[in-house]
């Protein structure tokens, strides 16, 4: 706690687009009162001041090289609560896509004969490196969800991250299901919480929030096949953000 | 007298970069801007993915210019596959693009740059000292974000833009609401121009080659030829002749140069090349800021951003007017007319020229990809600027020098997390 | 405007507001820790109101901002004198927040809800209590009611089991009961420790020590599902009739007033028709046991 | 209550049938707008939705069906039950009042569902939130003249028409509506805001023709009479069908979320950023979701999707009928349309019936 009694929070970034931090900044547009209840002591994207005595650490980005690990461990040591901020930190996110190709080829493709200059390994969620207390899913995170997680943490409650499928939110919004319109969607296996924003804007859910604890995978695949997808299409849609989660299955298959 | 400036992870920029400057006995012995962002390998990640996913994957290159990446990506795919956009789609694309230009520029000039002039470390202390300014910035930024959200669902990682058009359309009521707010924001524009015209911009001149897109009929943001202040003009497909990329070991980003030792892209480059096409009110703003092409003070890149805030708002107003006039027709995205294909998509994102170049195979999957990011093109120029700046400020103490250097870095509005890299397409 | 058929009179509990979801307030006047996980809260209603509950009923307890949770009334009506007791185990959001409250703090209250024990019908009979773990919390209300009118009942047998000695609740009362010669109390733990000299084993291992007159015995259990399934078999094995066996069942609950659907056991809402059930009523229900 | 059929011989009979031409109906709605919140079916994407209208031209009285039933106007997907302050504890404010509302174009299946919900929320413990909205709402229903689509089975469920539950009931006669008056409030509405006329002999004749023509257009889809449903369900607790449905079910809860008769809910506290004030909200919940019956500590009283599907169909076919004397399914077909793995009441009920007939379980 700081002298004014406000809990101190800090933001850190690893391999990511920083869109989640940007969303945090956006959430301040709607909720400037946030600054009345917490003290932000580190936020490199937005401020120069720096403090090391934080209680809650929000970590954006996946871990994609060995040299990131000590920094993550240091954050874990200091913070009472570590929250993964967004799909990269929570799941590995799009960064994990490169795991679909042999790492050597990936390096060479991008850096050619200079490939060895650049340190990298398969991108992974931060939970693969340190213990994580909670995750705010999404690519990017939903700004309202960010605020409600902060409130819950300040009250000592479990953050209200749903563990039911996106279809729930989609239906409650009264959307026409994309399948009715001949499109496909991963809503039935994806964790809700974004307000089904993609289907609401006519686009298929790509599971950026990860899967629910107990998805009916077989049934989902059958639905996708019935909708005309090939096995390759299904692998593709299943790996957009969740390569790290489904990679084992893919490796087994092929 | 030796000095060492070592700024580890420059703050208030997007992504990770270090400034390393060493002065020994009055001689500059080291002068680097190190990009230490982890490499992300987006081009490799695109390989084998269906073309429809490309814009969703590449928008994740950067959270700030997500709409810009998505736009350039879609244009690359659309050109590769022979897709022609409807007039309505063009209007919506441009409108949401302005939303992003506004969002990014406002964030940059108000929250990242202004604190330096006001002697504070971030926008947060300004809440108490300059509440009006902060509230205005938040209000303007919210409007910018809402423009994007109305058209594509959200600003960071837009949803409704797809190959050939849109999957969702704003309602007339939503557009009327935007229109109202855009009109009201004009007074915020005036206040913004007034605020930034009074700031003591550091005096620093270094002429370089300014590179941007250009179109005959409008201030270019999407599509167009590549032009430079050295008189080069070429179709975007020949981008490699300008952006010769090379690599340096201290950076995970790639550097570029054209004819000179370095080149600069971004708001200032656009301003210098396309000044005539600015909205008259934007030209007034430029006058108030004392800017007339060609401006060679790098710090005034932020000034050019202020000018573009005015331009984008005014152009957005015209676009919304037009949309309201013609009404909104929900329409299917335009069709792909060929496969395989190859295409180059270009856009002037907030930080400058962005190029996506794809090859798409028979099966609709991407077989080759190349993305050139504005910040990569600028870093080389930044180092050259630093070499000129350091001797001019060497007499100052280290803190003051550090601030000058950091401000220079920030003037570029670098977006380092865009660290993706190219390889010649085979 | 719209004519909808006339409605049955709404039930008016003591502290119930017009809105069945809006809690009234009670003040915590005493907090007594029992174990590391359980605390007993003594709660006073405004203006000396009495709760007017029946053993086996429960309250919906609110910690505002956190939520609401059903908690059994652990004190007996016979000892109410303007207050009542709740024994809560810290397991989640609401119960943790409750544990963080202090004497003088207020909680939101709705209730009492549900059907309690028809103890008037037990008079003259022997009563066999077999609570497991936290199951003693609701049964304590009935036990103390019975003990406070002790001469109206036959034998009182209490078999109580916990996982280990540290988890036994209400140890002072257990001691007091064990010292009475009109209460037969037997304790057991799944795992003992150095100090434990009593029985070790699950609660069903105690049944071999008791002999009862089944026709005149009422048997009552409350505890986790794995436990009461086996206890029921013991009750039945002892020859106690299905109509004389009572259980208090736990289910997830949100509203407590038979609307939200969470506590449904087949077609029955546990919050309204229970949580206390004669075994006879629910043994045919697929989802009950 | 309005009679179902009208005798054309007795003009003197006290028949409450009124006629409103379509243009007069438009005027009627337009006149309501300043005084009532008017809700009705409007186009939404490629479907329809019950929304508040500002202008009568938005209305589509001949719509097939909506994604969400009109229930959402009485039991919103999310609503505030009350506000509270954490400082000294306690409820500080009643939720805002509902404006007087007219809901137009309610199909008769939905009308039956509303009657069930009215019973649920008014009997036992009286729910002021639902009932508060309900009592401020007038329902103008409409007779369905052809099935919404292949999923409708209202005829089987006996909901193809309704003789109560509405304030006014419309039947489309082509260029006019025949209007049954269901309540005094409905009569007053007509009286105050419309220029209706008493039906003529010809119009009554026309009405009869329209109704006669309608019934054959609907087919029966259940293989048994609905009066047997409850006993079929009772005997189906152990059917192997549940396991099969459980394997297919995505547990996405779309079926219950679109159902006009589902009313289960969750209750949560939300706080403002001052961390002091807040509100208790309730939102729709679904027995199909994993943690619907899960208690602290993790025990789930209905852990498998098979048991959850069984529970859902038991409620629809039996429990609700037993408890509230109204069918728990009104045959609207919404769940069948919403289900991505083709679990439908018709196929489920028919299969259970078949299993019983053939003694296959």
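Letters A, B, C and D mark the chains as written, and numbering starts fresh at 1 in each.
We take it that a residue touches a chain if its C-beta (ideal position, glycine included) is under 8 Å from a C-beta of that chain, and two chains touch if they have at least 3 such contacts.
Remember, predicted model here, so these are calculated numbers, not experimental data.
Asks: Give the identifier of the chain nearest to the protein's overall CA centre, each chain being represented by its own CA mean.
Replies: Central chain is A.
Asks: Need the most distant chain from chain A, centre defined as the mean of C-alpha atoms.
Replies: It is C whose centre lies farthest from that of chain A.
Asks: When the centre of a chain is set as the mean of its C-alpha atoms, what distance in Å lies between chain A and chain D?
Replies: 38
Asks: Could you tell me the distance, in whole angstrom, between the mean C-alpha positions of chain B and chain D?
Replies: Inter-chain centre distance comes to 52 Å.
Asks: Taking each chain's centre as the mean of its CA atoms, how far is chain A from chain B in angstrom?
Replies: Taking the average C-alpha coordinate of chain A and of chain B, the gap between them is 25 Å.
Asks: If you average the Cα atoms of chain B and of chain C to get two centres, how far apart are those centres in Å?
Replies: The answer is 66 Å.
Asks: Considering chain B alone, which of its residues make contact with at least two other chains?
Replies: Nothing qualifies.
Asks: By the touch rule stated above, which residues of chain C touch at least two different other chains?
Replies: In chain C, the residues touching two or more other chains are 65-66, 92.
Asks: Could you say which residues in chain A touch two or more other chains, in rising order?
Replies: In chain A, 155 touch at least two other chains.
Asks: According to the definition of touch, which chains form touching pairs?
Replies: Taking the chains two at a time, the touching pairs are A-B, A-C, A-D, C-D.
Asks: Mind pulling up the chain D residues that touch chain A in the complex?
Replies: For this pair, the touching residues of chain D are 44-47, 49, 67-68, 72, 77-78, 247-254, 257-258, 268, 270-271, 273-275, 283-284, 286, 289-291, 305, 337-338, 340-341.
Asks: Once bound in the complex, which stretches of chain C touch chain A?
Replies: 65-66, 92-93, 96-97, 100
Asks: Applying the document's contact rule, which stretches of chain C touch chain D when the two form their complex?
Replies: Residues in contact with chain D: 1-4, 7-8, 10-11, 17-23, 25, 62, 64-68, 91-92, 95, 105-108, 224-225, 250-252, 254-255, 257-262, 264-267, 272, 286-287.
Asks: Could you list, by residue number, the parts of chain A that touch chain B in their complex?
Replies: 13-23, 25-26, 28-30, 32, 35, 40, 43-50, 64-65, 68, 93-95, 97-98, 100-101, 105-107, 109-112, 114, 117-120, 139-140, 197-198, 200-203, 206, 233, 236, 240
Asks: If you look only at chain A, which of its residues touch chain C in the complex?
Replies: 155-158
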